[in-house]
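Here's the structure, in structure tokens; my notes come after.
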């Protein structure tokens, strides 16, 4: 028994010394592969995988390929922390993309912060994420900026709009903050907020909220929620006879809502942090690859995960030019990578982006699109403006 | 070593934490009360700590106490959960068996929805940026909190089992009515057992909030209720080591199965099924069957018949 | 046969005890008194309400009407553990031992009312003296019923007769003044029954008890009891010394009609 | 409250309540026979919806191991008409029933044979649910699948009528669910109340020991119970799926907890109780004022807590008298 302990200890100690950067360059992906957050996580897995393939097909980091290491972070805090620990210590990753939920980020990011490992949040939109620490940044904009545009677009399409109903998922951190911006903008535009209705992302039946909206005679409905609940809400609004315009928040910006609201999705105006119509070459390649494989437009979650991996690779490439990556000590490279991530400017499928000193994303372009359904299942986001 | 602790430190502490939560369910179970309220008290304890440690209203308190604020959070959580346990326990413990379990699940869910909606609990996002207890930088250092708590709890449980109160618990578990007829007041001891569990879960929550860095409404949920029940049943519900072993094992398994990637939760589910099929007494229960208890030894001085009557007053 | 002491004081006084379950009257307006130190038998055909009467007397079932007092203190309305604390202890017709606990533990538990160590005394081990006393008395009581050599065995593993004796030991552990035995001889053979008779007397004498016994077996009752009360369909139809009760036409009618 | 508002809330409540009710029917059926809560019921409910979807659509597009597999290259024979859809639903339900039977054989019966603590069934069924949910995710991913909009034929999506100043509206699919749940209750009531199988089932529920003395094969009837429960669950899964989409592998499991509140409120093991409980909780939720809609999820549990304190046997349950 003693001998076993000793061997393990020795092994661990020696491992601690041999912390050189391995090739291919390991990058950790800790997103929700299980639990009911997997709906978002699996898109992130796809996005990250496509980025890996694309980057390596073009010679990786100046000839050295990257390797993504996936650890399931599920939908809870403990699993996210364990995934981070595994990536940091066992896999010796240079940086981490993850976790899926903001609540998980508040738990797991401090782990990476203390280990001095750079983290890029692919979908954490809550307030305070980049402020967790110097090593924490995100590519997911807290699209408060885009919300006003969507309302303005709606007003342009129908200038007679006067009465607004606001509906939001009150158990989703992002929707709660987004609805605040929506409501302020609506008031600033001189609109009456005639009813505010709350729901849960786990809800399926929205009859109560919809009838309240209808009876308030709203001529604009603003929905902040996620794909499943948001889609059902749109569908039930239309089925129960709502005729006016609908503005959907960023949570609805995914082609996953097409099979949910089907033909009823048609016409919904969506505030987007990502648009397949974004014209950059980076995005057009991504959209082409994605369409080839999945026969539909890539959703925002996939695009953001893709962008996160790309940002890491681009930053690594800059570092590698100065000094070959494999000759770095891992801890030093992690610190350097973090510095470089924050310093650089990137051309990603999200458009051009960079970071402020906290690690908050500065995204050049946001988008407003309108959903056009071809048939019951297929549709597209038509870029407006 | 440092790497080992960095990688598995968090996991190891969560194993201990799971064991403690298992024990918090074990105490009421000792008195025959199937309560699944632990996650509710755990959540409340965590919120108490998170609020005391982050809310600007308590900045002065934190300033004055320094590191002393952490023990204060434990105390506050213990007190609040104790009182809450009393308030919920007195009416709920009139229920038996599965009905009590369901009532406590309802309690947990109500708490969850309420904390999702309050300002002070941070709504859906919860509370984040919780300061680290005693400046612990590494997760494994939290073993210095949870470890002693586990040892103390086990000692407490062992002493309790051997005492008059512990006997009263067991009597109620075996046959509440007979216990009552033999002079053991069931309500008092059921509530006591329930409150002990509530206080323990609350303190574990208070220690866990800094450990997790953040706290939100999902910490206390129905899923957690069932998970903790599984800790106790798979570990063994008749021995203090049962919840500890069960909690540690069931927490470790999904992590140890990480190499299975996408299959790990499928296998984890199978483990639960197989364990409940083949270890009906729990792991510790199965091990205990191999160990024969020594017969009780009689104390040396033989009592006189006068003593047999007890030191009884003449009416 | 022991004659009851002359001018004995009344220990238990039942007045108009009544219990209805829905439309059924299980015990109907039953009044009687029990004197100190006597062995008081309660007989009657099946379903006559004997066990219900015991339940009313020990607080397990609240009466619909009527009272029971013990030396002037009202018993009815008290919770069972309070009745036990007052000094009334019982056994059960269908044996309710703590089956998964050892014989020793069964007897230790029942000393609850006569001890006082609270949670912290137990946890910090400051009630050693009391614990030692509990332990000693438990062994002595097991000695008394002849089970001391099997103290560590689970109650469930004992034979029927041994379980009945263990239940008596457990009842005695509460230090009662009144012992209520619900069919203590059920399932015993003739030899055991005879031994039981003398055992109950011995216990009564040794502990200065008053004993109430529910029993089916008429010879045993006649032999054991100082006085007997007969219940039929929830009503008390006769009270008196065994011989006179046996001659009572109502009793004969009840038994012949009933069986 | 205005009349129209009242009527609207009533309709909303009955609509969602009937969803709770049909979920709870199979749940409570197993409880009535075995006295255990079968957490795997939610997973079977989910499976029913997925099976029907497989038959009607034939392929799963985006994720999982079955991505790209097309069951019907020529188009599904079950798509297109309400009658073929009904047939697919029925087949899906029967397969779900068979899965429930399998669950009983593999996860519950061995436990009964060992005389294990009934609580362990909770853990075991939780394990089964975990396996099923994660297998679904492995095979077809976590995304939402929706039945073709014309599953019930070309019906209007909603009906409305004027009441006073306001319009009262109800979705057609919810009317269908409401009607089907009433039919399911009636059929179940007939099977249990009038047929020989039903009588035997009741005998097993009353006392397994006595039933086996009477020559009833208890194990066989437990299997029948699980089959019925699985069929009901699977059917309910498809119905709810048509109304709200098959919202990922956790689709049914999320009803499990509220289903628990439903069956306790109605009375554990009582079949009409499940329906009454479902409707009561649905109505209670519908009447939560808009300002407090955030607390809607707590309503079911507040009711559950309250009913347990006042009347533990539930609205329609029977009192159990404890023998001393």
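Labels A, B, C and D are assigned to the chains in the order they are written; within every chain, residues are numbered from 1.
By definition in this document, contacts are C-beta pairs under 8 Å (C-beta built on N, C-alpha and C of every residue); 3 or more make two chains touch, one makes a residue touch a chain.
Small disclaimer: the values here were computed from a predicted structure and weren't measured.
A.B. asks: Starting from the defined contact criterion, work out which chains touch chain A and chain D both, please.
C.D. replies: B
A.B. asks: If you average the Cα atoms per chain, which one ends up farthest from chain A?
C.D. replies: C
A.B. asks: Average the C-alpha coordinates of each chain, average all protein C-alpha coordinates together, and give the chain whose average is closest to the overall one.
C.D. replies: Per-chain C-alpha centroids compared to the overall one single out B.
A.B. asks: I want to compare two interfaces, A-B and B-C. Which one has more contacting C-beta pairs?
C.D. replies: Between the two chain pairs, B-C has more contacting C-beta pairs.
A.B. asks: For chain A versus chain C, what separation do you get between their C-alpha means, in angstrom?
C.D. replies: 74
A.B. asks: In whole angstrom, how far does the Cα centroid of chain C sit from the Cα centroid of chain D?
C.D. replies: Here chain C and chain D have centroids separated by 52 Å.
A.B. asks: Provide the C-alpha centroid distance between chain A and chain B, rounded to the nearest whole angstrom.
C.D. replies: It comes to 37 Å between the two C-alpha centres.
A.B. asks: Determine the centre-to-centre distance between chain B and chain C, using the mean Cα coordinates as centres, and give it in whole Å.
C.D. replies: 40
A.B. asks: Multi-chain contacts in chain D: which residues touch at least two other chains?
C.D. replies: As it turns out, chain D has residues touching two or more other chains at 134, 294, 297, 324.
A.B. asks: Which positions in chain A touch two or more other chains at once?
C.D. replies: Touching at least two other chains: 34, 170.
A.B. asks: Which chain C residues touch at least two other chains?
C.D. replies: 60, 92
A.B. asks: Where on chain D does chain A make contact in their complex?
C.D. replies: 5, 8-9, 11-12, 15-16, 19, 61-63, 134, 137, 141-146, 148-149, 157-158, 160, 166-171, 174, 240, 243-245, 247-250, 254, 285-286, 288, 290, 293-294, 296-297
A.B. asks: In their complex, what parts of chain B are in touch with chain D?
C.D. replies: Residues 34, 91-92, 94-95, 98-99, 102-103, 105-107, 109-110, 113-114, 116-117, 177, 222, 226, 229-230, 233-234, 237, 262-263, 265-266, 268-277, 280 of chain B touch chain D in their complex.
A.B. asks: Report the residues of chain D in contact with chain B in the complex, numbered from low to high.
C.D. replies: Spelled out, the residues of chain D in touch with chain B are 37, 39, 106-107, 110-111, 114-117, 119-124, 126-132, 134-135, 138, 257, 260-261, 264, 268, 294-295, 297-298, 301-302, 304-305, 308-309, 312, 322, 324.
A.B. asks: Residue numbers of chain A touching chain D in their complex, please.
C.D. replies: 34-36, 38-39, 41-42, 46, 170, 195, 197-200, 202, 204-205, 207-212, 214-215, 227-228, 231-232, 236, 238-241, 256, 259-260, 262-263, 294-296, 376
A.B. asks: For the complex, give me every residue of chain B touching chain A.
C.D. replies: Within the complex, chain B contacts chain A at residues 1-4, 6-11, 14, 116-117, 123-126, 128-129, 137-139, 212-214, 216-219, 254-255, 258, 261-262, 264-265.
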